[in-house]
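Next, two complexes with chain A in common: one pairs it with chain B, the other with chain C.
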Partner chain A sequence: MAAPSLPAWLALQTRARTLRAFSTAVSPVTGAPRLSPPTTERTSKHERAPRRKALPPRTEKMSVDQDWPSVYPVAAPFKPSAVPLPVRMGYPVKRGVPMAKEGNLELLKIPNFLHLTPVAIKKHCEALKDFCTEWPAALDSDEKCEKHFPIEIDTADYISSGPSIRNPKARVVTLRVKLSSLNLDDHAKKKLIKLVGDRYCKSTDVLTIKTDRCPLKRQNYDYAMYLLTVLYHESWKTEEWEKKKTEADMEEYVWKDSASEKNILETLFQIKAAEKNTELSKEELLSTKEVEDYKNSVVSLKNEGDNENTISQYKESVKRLLHLM
Partner chain B sequence: MVALYCGGGLRPLMLSWSRDLPCIWHALHTSVVCFKNRVARVRVDKGNKPVTYEEAHAPHYIAHRKGWLSLHTGNLDGEDHAAELTVEDVFLRKFMLGTFPGCLADQLILKRWANQVEICALVLRQLPAHKFYFLVGYSETLLSHFYNCPVRLHLQTVPSKVVYKYM
Partner chain C sequence: MSTGIMLKGMTRLVSRVHKLDPGRFSHLGTQAPQCPVAHLDNQVPTERTRAISRTLENDPAKHGEQHVGQHYNISIQELKTVFPHGLPPRFVMQVKTFNEACLMVRKPALELLHYLKNTNFAHPAVRYVLYGEKGTGKTLSLCHIIHFCAKQDWLILHIPDAHLWVKNCRDLLQSTYNKQRFDQPLEASIWLKNFKTANERFLSQIKVQDKYVWNKRESTEKGSPLAEVVEQGIMRVRNATDAVGIVLKELKRQSSLGVFRLLVAVDGVNALWGRTTLKREDKSPITPEELALIYNLRKMVKNDWQGGAIVLTVSQTGSLFKPRKAYLPQELLGKEGFDTLDPFIPILVSNYNPKEFEGCIQYYLENNWLQHEKAHTEEGKKELLFLSNRNPGLLERLCAYL
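Up next, the complex of A and B:
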């Protein structure tokens, strides 16, 4: 009859499968209750709990100096029978204490970092060291890094829970480069700044190109590099219509041939004519120190804007210029 | 109780529920609005009803005294697939309720870790161990094939429901 052999076979099966751990395991000798247990235990049908005895938890067999990373090698939910700490969690009832760790749902809810003790992290680092290479010794300062690698590329990768690894935000590529590291002359630099518009930051001298119009990150990177190349080459070329640049297009104030220069020369000529001084030529007037000062103060006022320094400088230069006369 | 009168001369057809007001045709009985919230809370009774920590706390205690039963990135700012993951959660809870009949001591905890799903359940010791092992293997395999991602089940057995207090 298979009855005596069947429970034995089942008992063997359960023993073989103890690799899967319950936090409190039922005794492996489960064949016994299936045979006739002592009739004194089976008093009533609804008292099933006494039949299943639980083994003592693993924490009682743990030594103080055990290898903890082997208990929690990877991120795993909280197992109260495998964690030998008397943790309590929960809002206590009046004149009570927080609930114990056995059967505590709150401890299961929170993510735990029992697999990341300092010892475990050290072991991980040791294992990863074989795959790491040294930082090149020649690049020991920020300036050297910038000199050899002037272009900086920013990309972002996104990870989220769910079976899909695709995230449309991951295709954005940002390219940053300092214009001082590009080989540009005055005209080329001004033309490049006009071409890029908002993407150039004057205070940090950084050109930022952000691309996301292609579906793949690789394509966006290629497009950004292509844009940089095109901008560089275009800014070196001079087109026909660039000769028609007017004063309104100028990026900064230029004194030569400006209204201010004309005005001051007229004023000086009139003053000289009134005083019947010897005729001084335009170049000699312009080369006098006071006119130079005036020119500097006007240029700084127009380019930097109104602040204490520039306005007082302008005042001084005007006083000196007119006192001369 | 304030009753609205509408239409003076009409006789009511059904007098049974408007006995005291014979000239009402469509009596609308209204009361002052009572803002009673009955969601997910156990009403305080005589003190003989054992409740678990989860049941004892009402939903407004979430993030104050309770945590979340289901953790995933779908509900974060700018993240996708919140709806799909919620539907998955509902299915998983129903599935587990049916697969472990009468054994679940408390609500399930669903954790999503990259593409894995970890189901943490508190179970009572109703079934023999080999049956538990079988059900665990069966649900893990079935759900992994169903959702195309690794699904792991972690059981914790308790002798009986963990009582927090008696309401």
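Up next, the complex of A and C:
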């Protein structure tokens, strides 16, 4: 390592000496003599071709009704000289404004969709129309689509120019189905939701199965359909151990046989005993309107949580039940 | 920081108190509507402001809708007997500063009073739960109710803060009565002392109905007054927890017979079903059921007895492992607590309404608590309203700085 660096250093020394001599002799205009890098070509200001002046940016020559997709046909970085918009981006320092677009790194960093204006997309669609078949006329509303085709399959194809046409991302298959279109009873639905876990969205009632474990798209599609079939059939079966389901496993609050029911019955029995009423049976007590109201309010309180509505409903029903009004 | 300023305010007021003539104090005690002779701030409390902030009606039984927003006076002797424990610490400081105890009459308390007046003592005890955000006045509403019941000659079973029983307990003994449970001698003995002060006259009347053996030498015979059990608990601190348990059991049994009326008032009842920060010697956590005090108290708040009422508050202040913003009953009680207390009547305690806010400000102004020159102007009041959002606790803390 030391041996090659020594001659380089010597060469540097000699070159520097000659350069210094040359520059001081020729041009006092150059200013402080700088040590040029030890390259073979040395360019001084005289030998370089005169630089032509910077042309005005292309934006000044653009007309308002030009064909924009030809300016940005593909995804390209932001070119300030080619985009005629006075865009500003940046954090304004004190008494300042955001930086202009010329030489703005922030505008380069972010993704831009200048190649996907509505006009450009329309052109893409027109070009793709030749490869498409017509939409069936009978399916003109969302409900009809859902009724006849409840399962939706999402796949993606990728085209790129390169040595290989394969893209491993193309094997992903997403299967979406609404549970209301499946024939499930109450127990089956609860079991299915427990089996799939996170894949079920409660607010939209959509089960999403995403598969990518097989190497081919076709295989993944078959696997997704197989999963759906298995889930459906398994959720209809009832196993032995399902009988041991405890209150903690319940998805929603069930009033029958709950602690609340016991409490209220005890309380009512004591009230009746105090008033020396005739022995009322449990069923009669449960069927009175006040108890019904109370039951509904407790169920809503437990299922929906506390809010003013549920709490005031609960309060009213308890007051009526305990004859406090 | 705030205590420092509180002290400064107090010393300032105390110095002013010395300058005023003593006639002012007797005037406050009797509530006679006369203007005071010497007044430092050129603010003469007119009849109108007095009508907004105070009422002459000192018996909670007669409080009604027209008294909302007004303060009524509790005499200092009554304070000592009815509230040996249980008032919030800042309120105690305020009582000491102003030399009078004035509670504001508010809607939730009036609602509860209405229910209590119409209770049917043959029915099982009804549970009322006061809930609300931090600083809205749950504890003071509870104190209002307790004062009412004390005036009506009920037996008051007041647990000032159940959270104190589940945390920071130095000495935990294994219970003598039940090996699985733990005793808390210190907390139990403190509570017994205060209970005795509050209910002196009842303790000699009520007779225990069982024989209780404390140890080889001491026992309480059947038919002896309850005061003996309480004395035993205070003397022998080791047996204090068991004494508390016996007191609770006897009271529950006997109130059903109709001898007296029982009010069970627990502040921070959500501590009974939460978690504790106490650990055994092997550092495993203790659940609340394993504490004898909590176990007995849980039996008390069930509604399987007659002849009284149960008033509870759920509070996040002092609670363990609960988020700061939680104030709704189900959040704080949890599933177990709710199932045990069900059915109960939830009563919301909210921030001051404009009338109550006005009354509170007038009360502070009359007592010369607000020394800032802008305090009595409209903009000052608007500022206080904005800063405190009519929250009683916040307002009290803000006014302490003025």
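Structural remarks
In this text, the second predicted complex is superposed on the first by the 188 of 325 C-alpha atoms of A that agree within 3 Å, B and C clash if a C-alpha of one lies under 4 Å from a C-alpha of the other, contacts with A are read in each partner's own complex, and residues count from 1 in each chain.
Just so we're on the same page, contacts are C-beta pairs under 8 Å (C-beta built on N, C-alpha and C of every residue); 3 or more make two chains touch, one makes a residue touch a chain.
Since the structure is predicted, the reported quantities are computational estimates derived from the model, not experimental observations.
Touch criterion met: A:323 reaches chain C, while chain B stays clear of it.
Looking at the superposed arrangement, the partner reaching more residues of chain A, out of chain B and chain C, is B. Once the two complexes are laid over each other on the shared chain, residue contacts for A:274 go to chain C alone; chain B is not touched. When the two structures are aligned on the shared chain, A:54 is found in touch with chain B, with no touch to chain C. When both complexes are overlaid on chain A, the residue A:104 reaches chain B alone and has no touch with chain C. Applying the stated contact rule after C-alpha superposition, one finds that A:163 touches chain B and leaves chain C untouched.
By the touch criterion defined above, A:90 lies against chain B but remains apart from chain C after alignment on the C-alpha atoms of chain A.
Touch criterion met: A:259 reaches chain C, while chain B stays clear of it. Note: no residue of chain A belongs to the chain B contact set and to the chain C contact set alike, using the contact criterion stated above.
Chain A contributes residues 10, 13-14, 17, 20, 22-28, 30, 33-34, 48-49, 52, 54, 75-77, 79-80, 90-91, 93, 99, 102-106, 108-111, 159-165, 167, 169 to its touches with chain B in the complex. Those residues of chain C that touch chain A in the shared complex are 115, 118, 120, 122-124, 126, 303-304, 306, 328-331, 339-340, 342-348.
Across the interface of their complex, chain C is touched by residues 258-260, 263-264, 266-267, 270-271, 274-275, 294, 298, 301-302, 305-306, 311, 314-315, 318-319, 321-324 of chain A. Per the touch definition, chain B reaches chain A in the complex via residues 52-54, 57, 61, 65-69, 71-74, 78-81, 84-85, 105-107, 109, 111-115, 118, 120, 122, 125-126, 128-130, 132-133, 136, 147-149, 154-160, 162, 164-165.
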